[in-house]
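Shared between the two complexes below is chain A, which pairs with chain B and chain C, respectively.
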Partner chain A sequence: MAKVFIYPATSLILSDMVARFGHTPLSSATAIRERIQTAGLESPPLQITPEEPKKGLKWAAVEVPAGVRGRMSLYGPMIEAAEAAIIINDADFAFGCMGCARTNELIKFLVHQKDMPKLELNYPKNEEEGVKFVAAIKRFLTGLGAPK
Partner chain B sequence: MTDYTPTHVGSVTKYVMVESFEITPADLAARGYEISKGVMIKETCFGLVLNGKEEEVDRIVTELRKIDPGHIFVKDRGFPPGDARRCRANLGGARPGYNGLEFEMSILPYVSHGLEVLNSKDEKSVPSPEDPLEHPLLDIHKLKKLIDAQES
Partner chain C sequence: MTQPVRIAQLSCGPEYSGIQNEINEAAREVGGEIFFPDVALKDIRRDFEKFGLDVRSPDLKLAIARAMALVEGRVEADAVFIATCFRCAEAAIVRNELRRYINEHSKLPVVSYSFTERTTAGTLLTRMEALTTIAKRRALLARETQKGLTLGLDSGSATTKAVVMRDNKIIGTGWQPTTEVLKSANEVIAHALAEAGVTREEIQAVGTTGYGRFLVGKEINADLIQEELTVNSKGAVYLADRQHGPATVIDIGGMDNKAISVMDGIPGVFTMGGICAGASGRFLEMTAKRLGVEITELGPLSMKGMGARVPMNSYCIVFGTQSLVNALAAGSTREDVAAAACHSVAEQVYEQQLQEVDIKEPVIMVGGTSLIEGLVFAMGELLQTKIVVPPYSQYIGAVGSALLASGFIKDD
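For the complex of A and B:
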């Protein structure tokens, strides 16, 4: 069972596909859950405290906006832990945690830099593409090793 | 700054989304309640939100998927159900994050079709989708056609 980083990290489709075919998706929700369930100082809504942009310094320089560094404190550790990645390239609509274009560029850059199996896709636009999309993901995930 | 005391520590929350002509969130909720064993189940317009111990939630998800495997989709959620920081009852308007789900729900029928086709077909026999990183050069014949179309 491999840890698969998904981009967009909030994607329902990718999260479901990875879990369906027996691997662990690394998504925003698990990183946010970790913070929501940890005691500390009240910092609504996402419990992103002033400590997070400091942790983000590992992946982004100090002159990079705090929003990017704060987000990188969520995604950086996930990219480091990832054993594979699935990227949807035409995800125009990135919301919430994925709503920062500069962070998204940095995430894609870091994923591409890392030596691990990667699958690059676009969202399907019709049923025929839907079949190819699911088949590509299934082939990729089956090739990663035995599911649970 | 005030201290933050988390609730639902050690629990997981998952969305179960339904995109089907045959079952509704109410059907899923009824099946979920039958086997819930202490897991919190909230019915929503798009499906269910489950909260509880990881093993229990996974067990219910596995059972619910069996009802309509190609049309039920599951995703993790960071916040517990009804959390005041996220619930639209407190904030008004769509819940933050719903816009992303709404966008992907427009694509789910294609994915469902893909899952159904692959039940009876080997994925190795399906050609790969276009590589989004490839930017093929403009074909010379296509260029000639474009020029001809422009001149006529």
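For the complex of A and C:
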């Protein structure tokens, strides 16, 4: 059983797939609803305090916007704990999305830097690509080993 | 119970910066209510493409879609608050463009702000109050003449000013540096009343503004207690006799600066800077002190100098002052140093604040610093326009308060 960091970290589908294969998803698994009535697309379910951006200084310097550092205080520890990662690029909003492009760049960079099994895919644009997409994730998760 | 003013928030990052509660609280304190315009995912895709600004951050795309929903009337609001992370270039572009877009295509008052995790409700309070004032008091802000006998008091961070007006004329003034807020207020009021030759009991309505407005307003039973953004705008166009059409009001204060884009006397877009003392009137006070002149002498002195002859490598009030000291030690004249200080303040306000409002002529400078000719000259050079400094410009908040307070005279 591996701890698998997923990107977008808010993807419920990806999180669910990781869990179904017996692994632990490292994610924030916030539902992206069809109608947005919160401040951001992936508003945090719990209140973030001004302390979180300060904790985020571990991953991003003080000149980096507070929103990036606040997010990194959540995702930085997940990437550190991760034993594998799945990155889906250019995902549809509904699949899962994270509001800040700068944070996304940093998260993907940190994942790329870490020596661990990784799967990076583009979000499928049609059914045929969708089938291949799911199969690739399935193969990757199976290859990570059976649950212990 | 009155309905809260509905303030639509267009933002990126406040929740993950830990300051969403501060924004909510600031709005609540001034009778406002923050809400997030309801848009669907499909609206975001469509509107973002239609708007044509190719940003990467999904929350900025959401902000764009929300702005379009407001402008197109799909979502109703009384005012708009645009907030993004400080130091994010992508967000700064979106913030500016959305502010401009909303201003050009709707009558909604807009304030934009870039925050850090240190932003508090207190920091946002005056801006939020201005938004709710514009939304709630349009009729009052439309007032163009002062009637009856009224008193206006501006309890500022650096100075306290009072004005007595009668039938559209200023008949008494009082001014002094702010020490103890109430004591300073009482003294300037006494001076203004004595100069006007009237008693407190004869005054028909009173208005207060400035940092000490609540404290003083409560003490003297003010009829109107209102933030300085709307009051000063009103006072500026009134004194400059530009009550109709567009205008830009610049007020470089002792603690913060205001840049306000006005239409028919009512603020549309405004910014309030308060992070850097090097861009405030306080820096000019320090310069005057270092040069051994009164602040009132700094203006004429600076007009005799050439600021470009003095190297100023820092905008910081501490290091900027050091630059001036170094220049004096290296043989620069006091005139050149005074001119350099004025240019430094004008340049900072120009670079940091005036980019966030649309500069429309006439540009009216008000507040105590508008009496420093070198500062007005430097601003005019930067904006390539002739700056209007109306009479009584240092009393702008007090005049605005006295003017608006006349709307509270009972038989009016």
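As a convention for this text, the second predicted complex is superposed on the first by the 123 of 148 C-alpha atoms of A that agree within 3 Å, B and C clash if a C-alpha of one lies under 4 Å from a C-alpha of the other, contacts with A are read in each partner's own complex, and residues count from 1 in each chain.
Note that in this section a residue touches a chain if its C-beta (ideal position, glycine included) is under 8 Å from a C-beta of that chain, and two chains touch if they have at least 3 such contacts.
All figures in this text were calculated on a predicted structure; none of them were measured in a lab.
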Considering only the touch criterion stated at the top, classify A:40 as touching first (chain B), second (chain C), both, or neither.
both
Regarding the shared-chain residue A:12, is it in contact with chain B (first), chain C (second), both, or neither?
first
For A:67 in the superposed arrangement: first (chain B), second (chain C), both or neither?
second
Look at A:100 in the shared chain and tell me whether it touches chain B only, chain C only, both, or neither; answer first, second, both or neither.
second
Output check: A:80 vs chain B and chain C. Expected answer is one of first, second, both, neither. What do you get?
neither
After lining up the shared chain so the two structures overlap, which partner does A:32 touch, if you call chain B first and chain C second: first, second, both or neither?
both
If you count the residues of chain A that each partner touches, which comes out higher, chain B or chain C?
B
Once the shared chain is lined up, is A:52 touching chain B (first), chain C (second), both, or neither of them?
second
Starting from the residues of chain A touching chain B, keep only those that also touch chain C in the other complex, and list them.
32, 35-41, 43-44, 47, 93-94, 98
Chain A residues touching chain C - in the complex, by the definition given at the top
32, 34-41, 43-44, 47-54, 63-71, 93-94, 97-102, 104
Help me check something: in the complex, which residues belonging to chain A touch chain B?
8, 10-13, 15-17, 19-20, 25, 27-33, 35-47, 89-90, 93-96, 98, 120-127, 129-136, 138-139, 142
In the complex of these two chains, what residues of chain C are touching chain A?
9, 11-21, 36, 38-41, 44-45, 55-60, 62, 85-88, 90-91, 115-118
Chain A-touching residues of chain B, taken from the complex the two chains share
1-6, 8-13, 15, 17, 65, 73-80, 83, 85-86, 96-97, 99-101, 103-105, 107-115, 117-118, 123-124, 126-133
